[in-house]
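Each in structure tokens, the structures are laid out below.
Each of the next two complexes has subunit A plus one other chain: subunit B in the first, subunit C in the second.
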Partner chain A sequence: MHQTTVRVAEGALDANETIAEANRADFDAHGVRVLNLMSAPGAGKTSLLEAALRDTGEVRVGVLEGDVRGSLDADRLAHLHLPVTQINTDPAFGGECHLDANMVRSAIPEIPLAELDLLVIENVGNLVCPAEFTVGEHARWMVSSVAEGEDKPLKYPLMFRTCELVAINKVDLLPHLDFDLAGFRSNLDQVNPEAETLEVSARDGSGVETWRERLLGLAAAG
Partner chain B sequence: MHQTTVRVAEGALDANETIAEANRADFDAHGVRVLNLMSAPGAGKTSLLEAALRDTGEVRVGVLEGDVRGSLDADRLAHLHLPVTQINTDPAFGGECHLDANMVRSAIPEIPLAELDLLVIENVGNLVCPAEFTVGEHARWMVSSVAEGEDKPLKYPLMFRTCELVAINKVDLLPHLDFDLAGFRSNLDQVNPEAETLEVSARDGSGVETWRERLLGLAAAG
Partner chain C sequence: MHELAIAEAIVAAAERHAEGRPVTVVRTRIGRLRQVVPENLDFYFGLAAELSELCTGAELEWERVPSLLRCGACSEEWDPAPPPAEDEEGLIVSFRCPACESSDHSVVSGDELVVESIDVTEPDAAPAAANGEAG
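Right after this comes the complex of A and B.
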């Protein structure tokens, strides 16, 4: 007797994983590496991308923008002349607070995968749910602004735990804040001792070149 | 023939509304006015409360802290010697990104309503889902940090639309940012022309006394 055991997937997160795997297969088939970039609202994801993607060298980069409503971030990136695709998560009432694999799947036909080496997915600004939903990405990074305070890794541990690299942004503000950088690093160490950090300021440009090199380097990582 | 039509409530948001009404009935029975205080992570809700509640005069104030994990904010308020109750939203994986009426309901037995005139509910830091779930409050305010950028009312319209008062926090940072205050006000006006605004800085104390008077004034509003 041939016996097959089917393990039943449980609920929304498992369905999300199934679709995420399909997304990743599509990305891999085109040789596109995908970064899921996450942060709280206003931490500076778009500003960092804007500063870093002015010159992408040999790397062909596209951006997928996730927002509750509007295309403000996509509009800000328009002058870079990169392929930018916008997802809005608000078909209903207040909108979804995160991207999930199925939303990204619905956008894939609009993304010119054959013309890309790297796709940056800028998630909805939120430190909780985006961390729970993989979308088929190969890497997860976040941006954390020093204006948010050093306690954030302890308050939103899953987000900080699932990211390989944390850009500590707006360091130009450090002289004007009570932010405890060593305390932040210690808090991050408690939830994710493996996380790499980069101190950056999209405003004065410090650290941006290093962040840019790491970002473009993702394209070669596969 | 006597005919009765029952309108069937639809889904989670309606169930939430039913429980929120039960919460509000409990608050009203004790003469407690309730504020739902919302913001993005790190906008300064706790710092503002800490600055404002050092002296509550004749008003008996309690705080209900909503966090994914931990009691960092409740601990910060401990020295004020007010009744502080902590809700954690992380029974599962990454945790819930908002408080809902049922979570607040589960906390009510721990809150000394008979000894309070005003209860401040500090919601989870998030600009999307907290706006979708009423918890039985009488007032909705938010805190928006100038470090987050002036585009936030357009990107998270429901949040800004459902709040009566927006505290524009961290104005001490304005000389060090490119934040366009007039642009922020114009964006807010597009989604909520009725919203009142107060410019404050929990760090240097500017505007805090006005915010405090408005906050304590909520207790008398009923």
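Right after this comes the complex of A and C.
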């Protein structure tokens, strides 16, 4: 018996990237633009989608819900009468904390791509893992709520670095919090000087119209 | 926790290249811009390797790759994530050029999450087929 060194020189996540490319090719074949929407748990992804998707105008929107367990978020969106597909990550090793390209791949047959212009993938609430795994999306956005504190871009730089737009949610709470909005912007600028921000409140509706226009505008970006 | 998924990906990459031979060492390069704590990765690598066919008992080696950005406007190069200072004041990261403040930059290094090579155990080639002695 002897030891041999085998050169690998492969990105650990290359296999995920390959599947993500296959997903993107499927989405492109149907002319569907895909948003990967990420945040910490409880930042308000589902609430902002509910607020924005009440009226989708001409744009045909579907949602892919990623959760560790259950269909609570999909149930909340049911009244919008949009195609909502649920993925649960718990059959995997203890319940994965993010969606990966393969989980999305396995859900694609259940998504009516031919009837959609825009697919919003609501990722599992988590600021760490989803940053590493692309799923075949065209755009990556985040929701960051003011209740989380202004230091989050510095603590989770990879997540904030990989997103083009950050919706700052729950701004109706600003009078009650010590959240430093200018500090948040400055921290975000340190890790991602190119990121756009939108101030929104799913609760009182402020900024929601702009958020809705930007969201639906993704469909035309192809 | 998130190192588990990455550890599983590393084990899978090693297995693909092992071609059925038992793996004893997996060498990786991990850039400082990845949110990977090598010690945590090592722990989860042990768990993932345990469940694998060829990597059980394999050792994970890593090389930490420093982060370096280059400004697209003035070509200044800088480290956006210097190692944390001992007093924990290490949250100084900036992806904006310290010389000209441009936001246009490219990553020279630090984004790596690469399986470089693996060591596998091979039976010694029998000197002659007639010998018949197992390696």
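Going forward, the second predicted complex is superposed on the first by the 208 of 222 C-alpha atoms of A that agree within 3 Å, B and C clash if a C-alpha of one lies under 4 Å from a C-alpha of the other, contacts with A are read in each partner's own complex, and residues count from 1 in each chain.
Criterion: a contact is a pair of C-beta atoms (placed from the backbone, for glycine too) under 8 Å apart; a residue touches a chain by one contact, two chains touch by 3 or more.
Treat the numbers as computed from the prediction; the structure is a model and nothing was measured.
Shared-chain residue A:E194: touches subunit C; no touch with subunit B.
In the overlay built on the shared chain, the residue A:L173 is in contact with subunit B alone; subunit C does not reach it.
After overlaying the two complexes on the shared chain, residue contacts for A:L154 are found with subunit B and with subunit C alike. When both complexes are overlaid on chain A, the residue A:A114 reaches neither subunit B nor subunit C. Contacts of A:R203 after superposition: subunit B is touched, whereas subunit C is not reached. When the two structures are aligned on the shared chain, A:A29 is found in touch with neither subunit B nor subunit C. With both structures placed on the common chain, the touch criterion links A:D14 to subunit C but leaves subunit B unconnected. After overlaying the two complexes on the shared chain, residue contacts for A:D100 are found with subunit C alone; subunit B is out of touch. 13, 93, 96-97, 126, 128-129, 131-132, 151, 154-158 are the residues of subunit A that lie in the contact sets of both subunit B and subunit C, per the superposition on chain A. Those residues of subunit B that touch subunit A in the shared complex are 13, 40-42, 67-70, 72, 93-97, 124-129, 131-132, 145, 147-149, 151-152, 154-159, 170, 172-173, 176-178, 203. Within the complex, the subunit C residues that touch subunit A are 1-2, 4-6, 8-10, 12-14, 17-18, 21, 24, 28, 33-35, 81, 91, 93-96, 103, 113-124, 135. The part of subunit A that touches subunit C in the complex is made up of residues 1-16, 93, 96-98, 100, 126, 128-129, 131-133, 151, 154-158, 161, 189-194.
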